[in-house]
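Both of the next two complexes hold subunit A, though its partner changes from subunit B to subunit C.
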Partner chain A sequence: MRFLMTTFMLMEVYAIVAMSLNLLLGVAGRFSAYEAALMGVGAYTAALLATKLGLSLAWGCFAGALMGALIGTSFQVAARHMDFFTFNITSFAFQMALYETLLKWRGVTAGSFGIFNIPRPEIAGVSFATLEAYLAFTTICAGVIIGLLLYIERSPFALALRGLRDGEKALQSLGKNTFALKLKVFAISGAATGFAGGLLAGLTRTIHPSMFFVYLSVVLMVFVVAGGRGNLRGTVVAVFVLIMLEQAITLIPGIPTAQIGAVQRLFYGAVLLGVIMFRPNGLLPESPIFARTKFPGIKPVEGGFAFLAQSDGQRP
Partner chain B sequence: MNLFVELLAAGGVAGAKVGIAALGFALIFYTTREMHFAFGAVAVAAAYPCYWVVSALGDGPVATALGLLAALAAAVLLSIALHKYVYLRLRSVLPVVMASLGISLIVENLIQIVAGPDIQVLNYPALLSVVEIGSVRMRVLEIGVFIGFVIVAVAIDVFLNHTRVGQGLGATMDDPGMAELVGVRTSRMRIGAYAAGAALGALSGILMLVDTGLKPANGFSLLLYALIITIMGRGSMRSVAVWSLLFGIIRSLWSWQFSPDLQELAVFALMVSYLIIRDSWDRYQFNRIRPISRPAGPVAADLRA
Partner chain C sequence: MTVEPIIQVRHVNRNYGDLVALDDVSIDIPAGKFTALIGPNGAGKSTLLSVISGFERPVSGQVLLSGTDITNVPRHRRVALGITRSFQDVEIFPTLTVLENVLLGFQRQFGERLSRLLLTPRDVKRQRDEFIAQALGVLKTVGIIDERPDEKAGNLSYGQQKLLALARMLPTNAQVFMLDEPGSGLPRPMVSHMGALLQRLAKEHGKSVLLVDHNMELVLEYAEHVIVMHHGALLAQGSPDYVRRHPEVIRVYLARVDQDPPEGPAAPTASAGVTSHA
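Moving on, here comes the complex of A and B:
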């Protein structure tokens, strides 16, 4: 039962992060490979505030969200002139740099030992220290954030983001400030990711840097790709199904325990390759933005992750 | 001063080790514009056949040659197959990135399931004997790696600039559409670039096998350094070679003055800041208001375009 509850909370945390990545990658068309490190920054902020300053973890989550938004936007400001390839590689290098910071800044993060005994929050006299109570806390928080993200997905703001993905030049010629749009979406997604990191810190009660290695970024990308580009509800479904399958792999008899991790990674790799090759729009594709149009000449844009094809990776 | 020279030598060797892989990746990336994330995993996976062959036949010269051949064949065939049957079907930038990430997970973990996660080393005592040059003590292997890197870099440069096929390859790197128009068979050039790049990757995998030991998880760090150096090189194989040497030297000189613990962090931070500053400076130059009257004759910017 404890295992089920922990897995369910893990699903909720990953669902938040994967949805915010889908808002970035699928809706706005901005690649980023440092989601795992951003989650780590959120988790460390919340955990350090809770253990060193004695602040409630709930406030720690908000501080983590602030840090996530700050780092996301500042990276976007720094990298705004890059072409796709450079941005891609820089975000991988940034993930590694953040990971190394968590690992080597021993005075603050305690290095590879990590932080132990993170207290779970207490709000208005109600303690959330037990696993059941913390499940309620996580579910409420995740429900609110997932609801907000789903609301954003249907809003006119997301329509502008889809325009950013499908034709940045056209959106600029309509008078939209595309750079401000990018900053906003990075702030929203960074804040959600940082908050999820804080929730994760309270869930595991122990955090160490190897939880936030670049492999986690790839797994989050698998969730987005499998769920469907630009369809946040699909991402939730993908997170739940894929994590259930991942846990089911541990139950297969005959696999030695040392190899279970390898089989799970193999499974994620196979899902990523299979979906990209044979179903590029994901398992639950995004519904068309306009179901009907009075201009029959207008054709829908190409599906899948082909939206960068026209830029061709050339320098400006 | 003595320490400085020693660190310089060690840094040059470390840069050469990364540089062999970086030259291979750059050859692939500049020619095909496909971000082949499975490069590191394929390079490491290709070194395993070499290990199996050599440990089955003993470490005589024939067995070593057979092992090398097996590794090169595995890397080249696997890479060309990936190019033809996966990347060419996707026809776009981001799907190729994601598919190759998936392939790298699959290859790495298949190797781990088949061969186990432990470190494998091949011992050649002759390569590990120490030679003293002036005040610097180095192993034979390291001197060999450095010389090998210089030979590969010079050979690629001569090939690109002084042979007919190499000029075709260079044209494919610069402008594939135009190269196609003047009769370069660009698809063959791409396959050739994949073969050569994968061979260089397999060499650096074998180097790990002989030197520090090989494990399946090594592929990603190999790939990451090669990727970053390729992006810093900006379409020129010469600057890739220079950057990889500089990379090793900076990394090793860092431990001279600062904590060697922070080496990796420093390298990543320096690379990220270099890329950020370079592109911002480029955009600044691009946006600057230039005078309308220009001097006669070609300007540097025209030659570059």
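Moving on, here comes the complex of A and C:
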């Protein structure tokens, strides 16, 4: 039972992170290979505030979100003039730089020892210390965040992000501030990722840098590609199915315990290959967010370009 | 010229290394008219369009919109001030649908602001429905592409994509619509369809249309005012009839357009290959 609860919480945490990665990668067409490290930043921020300052982990999660947003947007500002390929490689480098920071900034992060005994939160006298209670806490948080991300995914804001993916120049010619759009999407994605990191810290109660190695970034990308780039619902499905299968591998008799990790890595590699070869658009491919068929009640405005003339006098 | 200019280009210079694209150009674009900008390849027409729309910065000189200097205004802000443009290589959003392409043209969308998205979801939804109705109206008036609003724009034919590029600009409700070669590569019936639409924008809605094109049918039959550029400078301007008979224009441009497609880069001569040991 504990195993199931822990697995479910892991799914929730990874669902948030993979969805925010999909918002970048699939919707906005921005690559990011530092999602794992950003999650680590969130986890360390929350854990350090909780263990050193005695702050509730719930506040720690929000602080983690703030740090995630800050670091995500700073990276985008620093990398704003890079072309597509340079940007991608640099984002890998950024993952390694953040990872090494967690590993080597021993005075703050305790290096490879990690942080122990992270207290689970207590809100208004209600303690979420037990696994069952913490499950309720993460489920509420994940529900809200996933709901918000799904809402954003189908908004005019996300349509502009998709336009950014398809052609930045054209979007500018239609009056959109593409730099601001990028900052916003990096902030949203970074905040969600940082928050999820905080949730993870409370779940495992022990964090160390190797949890946020580049391998996790790759697994997150597998979730996104397998679920369908540009479709956040698909990502949720992919996270739940793939983590279930990943955990099921541990139950296969005959695999030596020491080799389970290797088999799991093999599994994700096989999934990535299989998806790219047989279903390149993923399990649930992206569909139009403003399809005409979804608005059968809306009739075209008559009178052609009449609305062009209407607001002529109102121009500032 | 009796008509007030909406855009004034003042002594604009622009070069790419040694290549001079715009050489001290001063041009007025009349307000509320369908103006065509023509000239041989490399005359600086597209560069001028980019300087006016903010996609290129002039080395020196000024661009004025209704008398206000906009030389240093970022390109996306110029749309709110009243200038929008299309591109030679179409630049539609290929993975978005026809309807979605048009929806992106609307300005001041509540749903693009995160605060409104979260705090006033009802306003967002109401405005979105209004925009969808208007976008469908735009598509209907533009014609041809309105039958399949949910088709991916990348699946449209080249001519339909050019129409979509125009349709997408309309909701910006700009004063100045600048189009870079909307007629090139289009079948004849579509050229006249495009010409009629642009003419209508100017005549019925008082918009200033600035067109760059090599298609003489579009230019001479539909435009009211023609500006001819050559070697990065103004050569002649006036009514289509005036320009058609202008001896210099015939010599450098019109005679060639009738005979063959616009010239490409000159073939290297034999002497160019000889190395000098001076």
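A few comments on the model shown:
Operating definition for what follows: the second predicted complex is superposed on the first by the 288 of 316 C-alpha atoms of A that agree within 3 Å, B and C clash if a C-alpha of one lies under 4 Å from a C-alpha of the other, contacts with A are read in each partner's own complex, and residues count from 1 in each chain.
Going forward, a residue touches a chain if its C-beta (ideal position, glycine included) is under 8 Å from a C-beta of that chain, and two chains touch if they have at least 3 such contacts.
Here the structure is a predicted model, which is why all the values come from computation and not from measurement.
Of the two partner chains, neither subunit B nor subunit C is touched by A:F113. Once the two complexes are laid over each other on the shared chain, residue contacts for A:G167 go to subunit C alone; subunit B is not touched. In the superposition on chain A, contact is made by A:F305 with both subunit B and subunit C. Contact with subunit C, but none with subunit B, is seen for A:P288 once the two complexes are overlaid on the shared chain. In the superposed model, A:R265 lies in contact with subunit B only, and not with subunit C.
Subunit A uses residues 304-305, 307-309, 311-312, 315 to touch subunit B in one structure and subunit C in the other.
Partner subunit A is touched in their complex by these residues of subunit B: 33, 35, 86, 89-95, 97-99, 101-106, 108-110, 112-113, 117, 220, 224, 227-228, 231, 261-262, 264-265, 268-269, 271-272, 275-276, 279-280, 282-283, 286. Here subunit A touches subunit B in the complex through residues 31, 78-79, 81-86, 88-90, 92-94, 96-97, 100-101, 104, 214, 218, 221-222, 225, 258-259, 262-263, 265-266, 268-274, 276-277, 280, 304-309, 311-313, 315-316, going by the rule given at the top. Subunit A contributes residues 148, 151-152, 155-157, 159-160, 162-163, 165-167, 169-178, 184, 188, 286, 288-293, 295, 298-305, 307-309, 311-312, 315 to its touches with subunit C in the complex. Across the complex, subunit A is touched by residues 53, 55, 74-80, 82, 84-87, 91-97, 99-100, 103-105, 107, 109-114, 117-118, 124, 128-129, 132-134, 136-141, 149-150, 168-170, 172-173, 175, 200-201, 204-207 of subunit C.
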